[in-house]
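There are two complexes below, and they share chain A, which is joined by chain B in the first and by chain C in the second.
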Partner chain A sequence: MRLNEDDLYRQSTQYKHWSFTPSDLTRLRQKTNAHAATQVKLHIAQDRVERAKLATLDVASAPESGADTPNGNGAGTGANTPVPGGAGDKGGEVDCLTTEEENMVVDKFCETAMKLGDFLKLQPDVTATAIQFMRRFYLYNSPMTYDGTKISKTAFFLALKLELGTRAGSASDFASRLPKTSRDDIVAPEYTIVQALRFNFEVRHPFRGLKGVHLELEDMIRGNYAVAHDGRTPAELRGEALQALEVAEEEEAATKLGNIYAHTKDILTMAAQLTDAYFLYTPSQILLAAHLLASPALTTFYLATKIPSSSPASTKILSTLQSCADLLSSHRSYSKNPAQHKLAWADGDPPATKKAMKKLRGCKDPTTQDLVALNAGKKRDVVRDGTLEEGKAKRRKLNRETAEKENDAFWGPELKKEG
Partner chain B sequence: MSRVARAPGASTKRAVEDGGASHLSHSLRSLSIQHQSPSKPARAAADSASEICPVCKSSRYLNPNMRFLVNPECYHKMCESCVDRIFSHGPAPCPIAGCKKTLRKARFRMQTFEDLKVEREVDIRRRVAKAMNKEEADFETLRDYNDYLEEVEEITWNLILKIDVEQTERRLRRWEEAQKAELNPNAVRRSVDNGPDISTLSETSHVILKKGGTQRRVQGASLGNTPIPEDDTGFSFRGLKKRKAPEPEKAFDPTGGWSVEPLYYSVKEEYDHKFFAVKHEPKFYAFGYKAPEYYSHALRDAFGGLGVFLEDDRANEVIDFGTQAAAVAAGGGRDVEMNDVF
Partner chain C sequence: MGMSPALSPRPNPPGSHGPVNAAKAKPLVHLLNHKTVPSPSLTSAATTPGGPDEGLAEEMNDVVKNQFVFGARLGEGTYATVYRGHYREEPSKLVAIKKMKKNTEWQDGINLDSLREMKYLAELHHPYVINLIAVFTTKDENINLVLEHLPRGELQDIWKDKDIAYGGADVKAWSNMICQGVWWLHENFVLHRDIKSNNILIAADNSLKLADFGLARSFANPEAEMTYNVITRFYRPPELFLGSSHYGGCVDMWSVGCVIAELAVRDWFLPSETDLAHLGVITEVFGVPTESDWPGISKLRFWKEQLENTPAKRPQPLSWWRGRMPLIGDAGIDLVRGLLTMNPVKRLTAKQALEHHYWTAAPKPQKKENLPRKGGKEAEKAMGESLKRVGETEDDKMTKIARKLDFGAMR
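Presenting the complex of A and B:
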């Protein structure tokens, strides 16, 4: 009954529920996109009908616009709904985002989230967790359905709670640190997100193991590392490590190691977050791939002390690391050397992303834009679309009333509230 | 002498199963049978005798709440108030003429059986059964077990019929000591005859009066000096297995036998580095946080999943999670299949 580190990793929810092959990932995104597009088209059409009705009513009775819908749920009908149905809505066919455009939009959301984390001076762990929550969330939800700005705030709050525990502070505290944000804005999408995350809160970040790698590398440079599978002596390992670093002295090596560490960490906290690396590779592979980018010679040497280069596993691991490294270096945040101003690359957007963001404005699902009202409506059992939802609401109401009656019969009626 | 009824050639049968009466002697049985169907005059006579206290001659007729008590030393019956009166100030001799037993108040009790002979036999049987508590599994063969049962019955009858009482009683105690020592070899083995044991029921175990302290000391000394060989266990039975000490309990393993054996690294106790600067500050020990824990975590995070290839693993899985979930998503709720669980 012995487990190795791979067996342990296979027990994680990240492996079980959030790891995909590239084809699975694409298929999943296509499904989500197709589903969201149908919903968006349906809801925009419904919205137009309702709006037309209201417009005639408004003309007839009151001059005020943006009156509440009859069922008291203001979501999507008032002035808070963006473009569809508004002045710019020509009433034509809704042009929904494609899967590729969705990807770009989600990446943009994540970049914005990264800037938000930087702005709030949060630990890299918190930012990374929040971004991964968003990426996971948008696997099963479309950016057309849920707005990235709103989701990112709550994702940050969840990540804060996860990484800092009781030190995270309350939702109101967090809201006060953000511009134009109330506590309700933070809390409203919380359940939606947590459900989409399937209550899997653990994110295994590759940078967690970076210190482990450097513990061993420092050991090798000092000549203290004793465990090499091929019988190399500590002294030989030291020599090879120094050679890989292209230095002669231990002190120089330490400085160089520090640089490599910083560079790897940059790659892991930026490129790794903003690509699909977490979905496609294991944390260890991402970590070593980033290390490979930061210092090819040293990483190759280090891996050779772990896995005999003759073994078939070695080639497989190396090719996996290389493909992961290619993915990481393909991101525009990647630079050959650690940058001074780390988020400088994110100042301008590629034209395709700009186009997708613009397109998004025309195809947002009107029913899910006001998350606060939606959340409150859910609590009040007010659901606005479809007869099935109405039936559901009725049944739910009935159930609740019966439960309350039973409760009262057993515990006695609820006490009158003071004041 | 044996009262174990054994059909000829039935040695493979358990003696205790023979009619189920081997533990209850014939006399006991006949007595209880008599008791169940007594002739009327006999009963009337017994009743009238049991209504008057032999000590103070007071009658239940005058005092309906009167209770009669007996002491297992001599089984002489007397009323509760007599017991209170005579024995409240300590052990005293039995007031019945001709009985010289010393009795203690604490050991007086209500009799369970109407016939005092039965009462006494039950007491003796209980006492012997307590000492002789071997089971069939303790013996090599069934034959040995049956022989053992027969010997137990003989001991019982010796005590009941007052044959070799002194010696049987001593052997019994010797046997009990030996059993105790076998159960717990660490217990200090006391000398058996260091004074009368009041927990035993035999006629020999008598209580010595306070005023006879000197006598007691003399007696104790004389009894204590009786040379008893250390390996004397009172009885020895053929085919009795030596008691095996149970295996000592294994230390509790909270992981249930699982352990982590890393493929790619081995954690050292100590690393020379700058990262974990607080590693030797006592305030961190208070949490139970240790530097080796940190090292082990860091290295496990570094290599956990290095050899996991998603393409291979997912190909081997029968259920493809991604497509399955997406299928549910498409057919299910509005946005996520889990959006509305209620």
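Presenting the complex of A and C:
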């Protein structure tokens, strides 16, 4: 049985479930957006009715003087439920995000996640997997429904578990590294996320092939590469490689190759993560497109060692690579001369993104903001009634604590964390 | 016999509150077939799908969930309960549904074994690897794995059951299916890391299926450090006992060698009482490896304490093997010895194993339909029982406690 990499890739869930044509991708996002907007409007309306009721109750049961208390918008009651637009909710038509605005918001979430990964000094694999989980998640869910900050924390923990196994550490350890975050915040949204991920956890990252490409290029430069399909000798390949790099010496070539490697890696760990590249192209296409941006001459040379440049496939491949390269270079993280501080570009947001983020505040679904409460087994109740069933919550908490105690009786209590 | 191959070296499930010695459930039956899991219909008009409270992800989940019907409970373990199930549209098409327990997953969310099993089985589809048909959640947020129904028990049952007679042709057919399955894993850069005869299940058509991917991991990144505390002891290769933390498919191939040897001798091949004693058991058969037959061995983490002062020992001669494994002949012995080569670099890879002359030597491998097997009812019972298997010895308890305390253990 002969297998090639294409056959293997076509077996992957990334190919089967997470590859789209541009129009399919747009349609899916429109569908998600339309659905979420309906929900948001419905739930905000229900929320307002609920608030109005509470306000009336408050007025009715308040002491005499209370009757004078201005309580027009009900912002002072039911403080547990996030209010769209907060105290400023004028009760008018809810202005939901458009698909384009949602895209900007999701991109912003992912940029923030990238900064978080950088701050926590996580391996590039973990950060990239977490970001792709978020991008996949927001194909089927709207940022109006689920808050990006909350989702990103859980996406990171899930990526940690999947990439590092038992070295991932515990959820509480991870929570302690994040500001104002409890273990529950980390664990609660997990089911919502894995469901949207369709239980697919393998992400095929283009940067995983980069090292291999460069080992081959190094061999070519040293004159040790002998498997060119067209019968070119190692010496000829060496000459052409040096020419593509515009250098005469192997030593110079090695330095230049190192720079190209670093630049390609930057594009793959930033622009490739923050655009739709993974949805629209295969890992090898993304890898070669990034390489094309870092060094067009060397990449064209490298491709020709695999497929003759005269072959019709070669033209087709190059045009696909070029369109992918255009997508990557359109991202604002892309720079021809990588800066020292790699995430400097993310310090400010474009005006349109700022505007969308601001608009988001007024159109969040009030029923899905408290993910911990949603997860505590009261999902349906919360969604249907907009209120929490406290009795049920308490009972569950009690059961949990009893179970933990029983566990501790055998194992001894959990070790106290230092600091 | 009274000896058990020891539990897989995996830590307790986080937050498991059940009885201490309850066995981990076994994956039973298992392809995330994209045909059965359609994307939310892109073509349908963009009106509100599902109920008013359902998102697109929930709608997608419901489509999957509604394809299956739960049937009788087959077994229960610490991690999961397994049910017989069938397709709603085709009640005669059986599946097994493994419902992951939620309470065991509390501390750190969904446990690693389940995540790994879903991750790798969703990517790997092969006739000799257990098929994951679908995954869905039920409203209490339990994750359910729909696996293929494998009603004929485990490979281990076959050699243990002295009422079943089998010959060289049968061993050859089984061994070949195992090698093909493992080859597929390795082509996909996945290590199983717990291959043993009770993780190999038997389908209705007598195909063997590699199962239990709870310890699987990818080995695409050669720089990644991996744990050496993995693979059930009887099937664990020498380099892991010596503390090697960078390895590839070779670790699984040693286990494959052990399984084939087990079939050939109808007994455990390398049984031992403890992890510490096991390297002694290995060297008893294969001799004490030296720098000359295994360059670099003295640089391995535990070489000094484990082997440095061990007196030299020669491996058992061919006559010893002929005496023990007449069932598989010289060609089979050559394959087994190739798989059980101490030096992992010289050990046969899955591809090399499939190119071995054993497969073309006489006798021909048995036809699948003629392979010996357990009777229908008895075997289905075995499927349920395999799930309930409990490690109840004191030794196991201690091992589990040790694992619980071994915070640094990696996998």
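Throughout what follows, the second predicted complex is superposed on the first by the 353 of 419 C-alpha atoms of A that agree within 3 Å, B and C clash if a C-alpha of one lies under 4 Å from a C-alpha of the other, contacts with A are read in each partner's own complex, and residues count from 1 in each chain.
Rule of thumb we're sticking to: a residue touches a chain if its C-beta (ideal position, glycine included) is under 8 Å from a C-beta of that chain, and two chains touch if they have at least 3 such contacts.
If you're wondering where the values come from, they're calculated on a predicted model, not measured in any experiment.
Enquirer: Quick check on the chain A-based superposition: chain B and chain C, clash or fit?
Expert: Clash: chain B and chain C overlap once superposed on chain A.
Enquirer: Give one of first, second, both or neither to describe whether A:L162 is in contact with chain B, with chain C, with both, or with none.
Expert: After superposition on chain A, A:L162 lies in contact with chain C alone.
Enquirer: Thinking of the overlay built on chain A, is A:E218 touched by chain B (first), by chain C (second), by both, or by neither?
Expert: first
Enquirer: For A:D349, is the partner it touches chain B (first), chain C (second), both, or none of the two (neither)?
Expert: Neither partner.
Enquirer: So, does A:S170 touch the first partner chain B, the second partner chain C, both, or neither?
Expert: A:S170: touches chain C, not chain B.
Enquirer: Applying the touch criterion given at the start, work out whether A:H35 contacts chain B, chain C, both or neither, answering first, second, both or neither.
Expert: Both: A:H35 reaches chain B and chain C.
Enquirer: Once the shared chain is lined up, is A:V187 touching chain B (first), chain C (second), both, or neither of them?
Expert: second
Enquirer: Where does A:E252 make contact in the superposed view: on chain B (first), on chain C (second), on both, or on neither?
Expert: In the superposed model, A:E252 contacts neither chain B nor chain C.
Enquirer: Let me test your reading of the model: by the given contact rule, A:D118 touches which partner, first (chain B), second (chain C), both or neither?
Expert: Neither chain B nor chain C is touched by A:D118.
Enquirer: Return first, second, both or neither, reflecting whether A:N375 touches chain B, chain C, both chains, or no partner chain.
Expert: A:N375 contacts chain C only, not chain B.
Enquirer: Same chain A residues contacting chain B and chain C, which ones?
Expert: Overlap of chain B and chain C footprints on chain A: residues 3, 8, 16-17, 24, 27-28, 31-32, 34-36, 39, 140-141, 145, 192, 195-196, 198, 208.
Enquirer: Inside the complex, what are the residues of chain B that reach chain A?
Expert: So the residues of chain B in touch with chain A come to 256-266, 268, 271-273, 275-276, 295, 297-311, 313-315, 320-323, 325-327, 329-330, 334-339, 341-342.
Enquirer: Can you name the residues of chain A that touch chain B in the complex?
Expert: Its residues touching chain B are 1-6, 8-10, 15-17, 19-21, 24-25, 27-28, 31-32, 34-36, 39, 140-142, 145-146, 192, 195-196, 198, 204, 208-216, 218-219, 222, 224, 227, 280-285, 287-288, 306-307, 313, 316-317, 320, 368, 396.
Enquirer: Considering the complex alone, what residue numbers of chain C touch chain A?
Expert: 11, 14-17, 20, 32, 34, 37, 39-40, 42, 46-49, 52-53, 55-58, 60-61, 103, 106-110, 112, 115-116, 118-120, 122-125, 135, 137, 139-141, 143, 187-188, 217, 220-221, 227, 404, 409-411
Enquirer: In their complex, what parts of chain A are in touch with chain C?
Expert: Residues in contact with chain C: 3, 8, 11-13, 16-17, 24, 27-28, 30-32, 34-36, 38-39, 42, 125, 140-141, 145, 154, 157-158, 161-162, 165-167, 170-172, 183, 186-187, 190-192, 194-196, 198-202, 208, 375, 377, 379-380, 383-384, 400, 403-404, 406-407, 410-411.
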